[in-house]
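Have a look at this one.
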């Protein structure tokens, strides 16, 4: 079987990682990436010898690329023409505009969380609703927090049944290297309920969810606390047992040295992971407590890379590479090395 | 009736505010404060013209004070001798040692949250268990987070009955001007359950409580989210109605401009509050959401000053100035100007 | 002699402090302040009982103020009509527009550092070029960093003569409570030379100045290092002697407890200064070092309040309240309590 | 010629990078690393499949390693016995104790900046005083700031002659993932002159140096501004020309996207550099300004990795692998890929 041909629109924080993720899938081929300007990321691509071909989106000034010796392989539409499916990680709102081109060229696409749900046929999560994405033309991925949160809730839900969750999202406010946003010595409130709780209900309509989000001035990993009500009482041990089986959840303890979100970043760098990234969420075993019949726990969301596996799942679903949910996620996990630590 | 004579041991972040708080009570007299070294706070006291008399604790080197012209009024024991009750805000552990002197001089004392519970006869909160403190010799105040948390839970509990709470504490890691502790670009986990949940159960044994605490690198105000299960269903409106009646809870909205913990600090400075302090906790009306039958909300804890009112309540209880809970807190509130904003 | 009547346009971080500063001058009268919306600062004004009358600038929606019970005393032009001079601390660019009204009403005005130099007749600093402002209609104050920097350079220049300075500005990036700007875990470069060096040369054209500015994610006080070349060699002791005579420079040491910019903020709060403000710059005696024939030192700039004294000087100059430089600054210092610590 | 055998003591932030650096040198062999406890870094080593053999220092509890399945290859002394030279990156002070073992086993060693100068025969910098290290038994590397600073000063000194420098160090206060130190919303002063200026004079005794150091609450890269006085006037172009020839100085501009210290970290991650590290310092072309006859500029110091190349140089010197300074640094640069970007 020939490989599925994939293109990436928008080579920013997420786009770079989508491209890297596709390049690691043995049954996919990264045709190229598209962007607008010679950003630091594009300059790094050049310094690395152009492992990915670069195409220019409409509005790009090719002379800017020529001036610094960055080779250009063609236009955005030429890229679209060559692929089976586009991964769109353009800035929020641009994806909806790009969709017109995907439709024109009769190509499938997967959008990231910054776009409106209406851009897609299905709001998608690899573990929670894989089947809904099979054969669809346009998928939208859940955002980073929602993707990680759903991994943990879906894990408990499939094991024991979940009725209700109340979440507190302690959100990192910028990525390392961001200069276009930030917060200094302040926590910032969003109006409740947080969109992540609402999004969870869209993906998992049998669960009632609400939550509060607080922005914090850090760059490494969101932390979410979850208070979940099971259909039966879920003990600490039951929760732990379920989480330990999951290939995209790394169960850790403070005593091992995982003191907070920055520990995961440090550990990923020490592991030699490209870009110091981690695909799995972290889950602190020593955060799990019983609250009456409810269960409470805390997870760490590596915001830059957490949606990559579920996007790979999305390609498998949309392109009908695999119709079985568990086989599909297992394939993605294999190529990304997920679950190896167990 | 003559005024109750009060001394303060430890003129740090809390001690200064205890002294200021006592000085504002019309029925109390601040006899003096005691400390060990010519810190910035003691130097500021001198620059202000010594509004409070300074006594030196054992181990202090008087020549250091003489060298910079700071007048000393006597020894720690001389201060103890002159007062009816001591407020002890020494560094954690020192209070237990000081207690020997209080016992020796047959004087009452109130300890802050850093000491072990065993230092005192009663673990005290002005609103939640005032009666237990009446006539007692040694009280220990709840810590800043617990004090503010209990205000809100006690408020709902007295109005509707509360069975269970699950809290997430987003903790500020240092005070403005702290150089002896800090955290840089990292969130840090504590093992669950947090001591604040345990402390709440000590004060309010009829409630089951648990929680997770996360440290964040900011200096202005902790934020706590609370998921509370009522004896009956508590709607958003019911919760709001209860909170609005409380003289130590300021109900605000994001739209008014209270965007986060730093907004309260800014507002207190703009109000002209001494030191930019706020005695009341903040409660975001637009954070209140229903989670099934549970109610969820977020509060802001001004860590430097929040325990001052409850400590004043403690003086009233220990010294039998007032035996009625509501009359006692009303007296404190009157002198501190609490609830005026309503 | 009747008091000079002053109005303030823009009741933000600077405007509030200008109003407070004017209110402390025995020979001036604060007529009122003008603003656009019921911000937190205006709400605090109301909670304090409206110590200053509020006027609404063009575009303000009075119904928003009525809705929350904030009394309005009239329009912006009505305020202008009642005063001798306006202090304009509107957002950058708005002052230039407001100037049309000041000209129309034939009133003097002083603009803050955010406006272009062309808005004013004189770019003004109370200590460095007071005489140039005497009797002028439109002054523009130097920005916070430049104001504090010039204090120290002018101090050395008048004592020993300065030929050249090279500065490094370690800039705080936001004020406490700011949510509209910030930086997270990053230092940010500006292109050299920094505008503060250029501005210094405009005020002190006999000195050559250049410098580099780096933004840092903190809210309490800029720190500037200065390498200054004197007309003669200036020793550490000579520099210290000069700084110690200045009423707007507080000379401190690390050993006293002034460990950094946050120590000044803490100290100002402990002093009981309104808003925790400090009008004087800090200068670390233990930062002064000789670099060959040059002298190097570090100062702390309390960005929210440092320009207030020089703006008061500006009123004295523009309104011809005093023609002598030293008498004028002494008058301002007396009313603001500056130099008392010596 | 057989490869030089190297061991690393202390597998922390620096030790890991030293090991990685040695592993990249074609003419060296990494025999193993030694540490005390199963830290996160050692756990990561295990998860990677033990690419480096682990030896245990005295005091280590082997059962802790056994409990988590980390294989141990022997004792510290067994490691020392197998190598030609040890790189000691133990916590400050431990290196001096380790030296007794190196002496006992008659092995050479290179210490990092945390040790006292007296631990070594030579205080070493690959570019500035390579010749002094040739054939010596014990070298001590300059610290991260000093290493990067000297690169730039030595570069100008060899091109044009430098007489004097005055530096301002804007120091990052922790590394990503550090939880044992940090600073929150505060800048912190050190007493002047900074040790880096003093250290520069030890390495380059013909230059007079002084400076001021300010700690800032960030984790990615120190920034240093330098005011340098040449033996002749050095123009902006002359400085730039010199810096552009250097293989360990990356000349960048703000317009390219290098907005601050975090940009270098982001760029290194995007380049795919292991751990997101960068061996070269950054130098902003648009920070270079002339201050009279002096030249001023700003550099970025990647604190975790900047000393690795000079330590590799140190091995070449101590082990007499190369006696010529330029040939030695060129060999190191070749294996580390330094200067390729030019």
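Think of it as A, B, C and D in the order they're written, each chain with its own count starting at 1.
Simple rule for what comes next: a contact is a pair of C-beta atoms (placed from the backbone, for glycine too) under 8 Å apart; a residue touches a chain by one contact, two chains touch by 3 or more.
The model shown is predicted, which means the values in this text are computed figures rather than measured ones.
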Between B-C and A-B, the pair joined by more C-beta contacts: A-B
Taking each chain's C-alpha mean as its centre, the one farthest from subunit B: D
Whole-Å separation of chain centres (CA-atom averages), subunit A against subunit B: 42
Between subunit C and subunit B, distance of the C-alpha-averaged centres to the nearest whole Å: 36
Residues of subunit A whose C-beta touches two or more other chains: 176-179, 184-186, 188, 217-220, 258-260, 262
Complex interface listing, subunit C residues touching subunit B: 16, 39-41, 43-45, 47-48, 176-179, 184-185, 220, 256-260, 262-263, 265-267, 269-272, 274-276, 340-341
Subunit D-facing residues of subunit C, complex: 163-164, 166, 168, 170, 172, 185-193, 208, 210-212, 214-221, 223, 225, 227, 229, 254, 258-262, 284, 286-292, 294, 296-298
Subunit C residues touching subunit A - in the complex, by the definition given at the top: 173-174, 176-179, 181-186, 188, 217-219
